[in-house]
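Here is the structure we will look at, set down as structure tokens.
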């Protein structure tokens, strides 16, 4: 099993979720995060004083998948999240040693 | 010139009605229409501080200090109320014997002694003295509350209480007496219809002194200090606008033509200043902000305050537009240039706006310019003269208020072992560290 | 003693003007100044509930229930308005024939029959009856809304509507009639200028009964129930303070010296109670809180309500300071000691504060203590007597209100199959579960 | 029928007092009680826009646009103030020479020329003209502010300013003149006590045209557009309710029985409409919402506006209940059916509610139905006649307002190179993209 | 060392924290997240228009533990978080290559 | 590649970000979290009733780095985040099996 972690633009979330459903991913965990990167931040004004806010609102997805689904899930996320403009985000793959469904105690791929 | 029914403007039309109304069977002179309006004005001016000003300021600080600002305004309101009825009203607005009267009032109303249900004050002959006293109290409340903007996010709560008590007693009270209570400035002819000098310049200069004595907030200038809730600031500015009708039109001390004229001047100047700041900012930074238009409106309200009893509608337009532009510059350029941390621009808006208004009062009172004042008549006499008198009023307030505030801060610092919270408190935020609460649990 | 133009205090100065004013050509007795003030007072007291009280309470609950509190206050306002004009006004404030009149009023004003543009009510001879009726309506609205504080975060919305309708009809209306409408308590001489018994003790005891009958919120005492937005509570307390001028000074039913005296007493007691709670809390827990000072102010407003027509300024100071301290103890110690879950202290603030005020009204009405009342004259007679009468008023309200609320709750429970939401609803929060909405999407 | 002291109802009782009061020594005809009430009403109607309406609307948009709505309301208030005193007041509410007067007023009051401290307007003989002018100004402010609800979250700020200036000049001013200022609709007998046609239908139809011309928000219908802060909407609705006493009872232009009757009608209709929407929604969707009860209250306030001077209390009950139910259907069904994006239901609530009220005014003015009007007397004559006149008033407003708004939008679009912000701005949110600010940093 | 990541129902947080304390876990990092899964979302109303909000508020725990504590910690979490109803959440185990206590610079299990 | 996860005190964020920039880290993802640990929580008051809030606001950083940068990045974070007082936080290192830049599809170290 692998844990896919992807940082994407917030307004692509719905598309990504739909794309993941299509390839058979049943669950996702989403976190609101702030990203620093190549994409530049925005300026805010305060009584004429301008300050630059460097961080940008992003959304982080965590999806645990069985090896068999890995490539399809990665493809689904990257396709659906891509706008082609700077700041589209990153996708990381981490090894997952175990998974448990808390409700039933099922383990391994069956837990996902 | 005192905040009298017959002030510098409006030519006394109001007073004439007093004897006739006496026939209505109410206690000599009390007019129910005037009383109704002054009861309401009192409520409106209280609303300017709670929740108006408190929200205006609280929205601009960081989320960790939002409650501390509300606390300061609420505590000031409570504390000043007690001081006022115990001695400050008497000291400010009743006559003292002999030369003292130039600066301080008398002691005849200590603990409200002699104020009955149907007594009236000489300064407001058509309403119950209780109402006049309470109306004036709301001015004594908002003035120290305005100073909060200067030392926000870093002053000790205990020091705030001590400083407020001292400042009201030794700065607010004498200035109010000198201008409105029968003291020498009013006698000299300084025009201050609703408190340009007494309230705004006074609070503004105190704020500047506070900002200088307390020093900058940690991180000022390099950390982004994001206003936590511009919506609060918007609500606050709106309630200040609405409540200011009580402040200015209420200063006519009756429901008469003078109140109507003051209301119109207030409305026009506020709108003009809001647009003035808005367009200045749009031109300079490319974006018109809500904080900007709201600040502009407040600047206009401040500037029209002393003039609202004597200027005409087009004078109000001019005063407002100028105040909006100048306060924009002072809050953005002046502060940057000199590097003091007047956190929420108590001086930049109230000090500068108050001075613009106080001086232009001397200009736009002239009937030649559409004003209702007794200066600058067709004969041309007294025009420059009134301007000089206004300058004198401004100067005295700046000196008395500036020096007084400095001394009282130093004294407070001794009593409270410092004026500022320690570093950990400032970094945690005053809400949690001083008050054990947090503003939001959403 | 009824909420009459000529109440226990102010020695009738107001009434004298009625005949003289009649000459002004308005319909017999209607005075434009009095009418202006009462129109405003009505608006102010409505503002106390919407948005004042609703915000005061809504800020204190958890984020998941913030809307449910606003909903309850809004629905109560709407529902009581309809009941009032259909029958409750008539039943509360018009005379009934025969012995019934001791407890209930008559039916002459059902569906507002006979109320015309220019008719006046006997209880308020200088303003249109429409205005008097509407002013009194705002009292009938806020009283059940106060009870919301006791059962917040767990009552069914349907049960709330049914209980409110019943409670207004069978608890509020008779108490209002007994004290103000010509019933036996007023006739016996109970002093309640603006609603200490009718409004506050009445709502407070109903709240206590509700808290006991409904039981504690799940997790009460071991889960931290963090107030979602103290800023809302602050705005609410501020608007309550401002609006209370309409409540108390409006109860003079005219723009006269009595209104002025009531306003001053209100301002002083509120400030004293705010400081009383603040310093008590600071001494006990080491930290003065915004919730504390705001609660103290409300306690002071409650306590001065019955006394504001008869006590002098220094009496107000004493009543306020005592109320602030005692309500602090009741909201923190008493509740803990007995273990009931009066969620937002409807009983702790309104019940206790109301009793403190109602009893002290009997003391500080005495001219010997600076009061304007007819009791405790120099001859000393009637001083203790009035205190006993007040005690009687309090006792009757506690018994009628307590027993009545209990019976009506049980009846409501039958009709609505229970008073409380189920566990899932309580844990999800009432906003989403009952109303399909969430307070914030920031 | 013009917004006169002696309007279609109340049988002139008010005016009779003017000569008698003249003996009070005030400038001929100015009554202090009337003036007090109108000063307050002006403040109340200003409060309806700032902060009332702004909060009502701002709470309903997404968090990224919360400030843009506040900005629009604040800027409209400031801009219209300047236009009004410079020319629009004169154009709307003073007589023009000759046939022009049917549609536009004269130029005698340009730049407030001739308005003095103690002058009165013919349309309001017992208060200073300044107060009348300022009261009417607050109506001219809120009307364009209501339209904001239709184009929220997508209009350019520059286009908003231009459109507002044009719309006030060429749509609001002529309709106000035709109905209230001496123009042909008032002369024909159209009853519009406080602005059902002039304010609400007018703003509603303009909103519908804006929604159609600007098109839907991106994502409308498939993305959940969650209201950011229903608490703001609640505060806004509450302040609208309170402030509307100034709007309706203030339209009596004095503190008299007419004001009292208008206040009662307002209170009843609002409550009935709030409950009407609440129960309709509860029945249809299973959950009563805060947004629903608040919207219902506003619908009731809108519908009673034209009728509040002529209908009795039970007429108000009927108008309110109907308006609550019908506006619920229009905001939920009608909009869905036709698929336009009237974002915050400016047309659904103000357009529909205004029409319901304007037409029913012609019905419930009849004394037969408890009204105070001069139509539908016992003789039965004129009953259907008045309904037709009302229909005419509605029709003219819909056509003039609809066509006028369309033309002015096209013209604005040319001047500002488009009416709508670009896609990136809309997706980022107007707050950051146009104003460089964010609503919350919690 | 392992990193346990668990997504649970928010109102079970206090129980889980207590259970972890009992087995000797000294530190936890908690994040508010939104979960998509089998459990259905709720409906919100807006002027009569109903829209379904698919994501549900969940809480994510991250707990770094030494191998020796792993089973006890997993047991503690799953027991305390279980309500038996759908949406109880998942528990994932990831390999942890290193840990440092920033204050002292201690590394490995001693840092936890 | 490795994924560094660090939980730090919020007010050190700016320093840490600057330090990471200096050693050449181009991107960071930041999450607001709550931490339980040795550091004690604060007390809040509610009408005289005091309750202790155990969790403390912390900030979590996630930084994906190439092996070559790992030590420098760890050093940068720990130095910049350290105040020497309890609650400074933890730094964890996890193995990273893959990374993709969504915008371009680049993979591996080139994606970071």
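Just so it is clear, A, B, C, D, E and F label the chains in written order, and each chain counts residues from 1 on its own.
Here is the rule we go by: a residue touches a chain if its C-beta (ideal position, glycine included) is under 8 Å from a C-beta of that chain, and two chains touch if they have at least 3 such contacts.
Just so we're clear, the structure is a prediction, and the values are computed from it rather than from any experiment.
Following the contact convention of this document, D, F is the list of chains adjacent to both chain A and chain B.
Comparing the contact residues of chain A and chain E by number shows a mostly separate set, under half of all numbers used being common to the two copies.
A comparison of the B-F and C-F interfaces places the larger number of contacting C-beta pairs at C-F. Measuring from the averaged C-alpha position of chain A to that of chain C gives a distance of 54 Å.
Centre-to-centre, using mean CA coordinates, chain A is 48 Å away from chain D. With centres taken as mean Cα positions, chain D sits 33 Å from chain C.
Counting partner chains per residue, chain E shows two or more touched chains at residues 31, 44-45, 50, 94-95. Counting partner chains per residue, chain D has residues 24, 31-34, 36-37, 40, 226-227, 229, 235, 255, 285, 287, 289, 291, 435-440, 442 touching two or more of them. Taken as a contact graph, the chains fit none of the simple arrangements: neither line, ring, star nor complete graph.
A complete list of chain pairs in contact reads A-B, A-D, A-E, A-F, B-C, B-D, B-F, C-D, C-E, C-F, D-E, E-F.
Against chain A, the residues of chain E that register as touching in their complex are 2, 5-8, 31-38, 54-55, 58, 60, 74, 77-78, 81-95. Contact residues of chain E toward chain C in the complex are 11, 14, 42-45, 50.
Against chain E, the residues of chain C that register as touching in their complex are 223, 427, 432, 435-438. Chain E makes touch with chain F in their complex at residues 3, 17, 26-31, 62, 64, 94-103, 105, 111-112.
On the chain B side of its complex with chain D, the touching residues are 9-11, 13-14, 16-21, 24, 31-34, 36-37, 40, 44, 62-63, 226-231, 234-235, 237-239, 241-242, 245-246, 249, 254-261, 263-264, 267-268, 270-272, 274-275, 278, 285, 287-291, 293-294, 297, 312-314, 317, 372, 439-440, 442.
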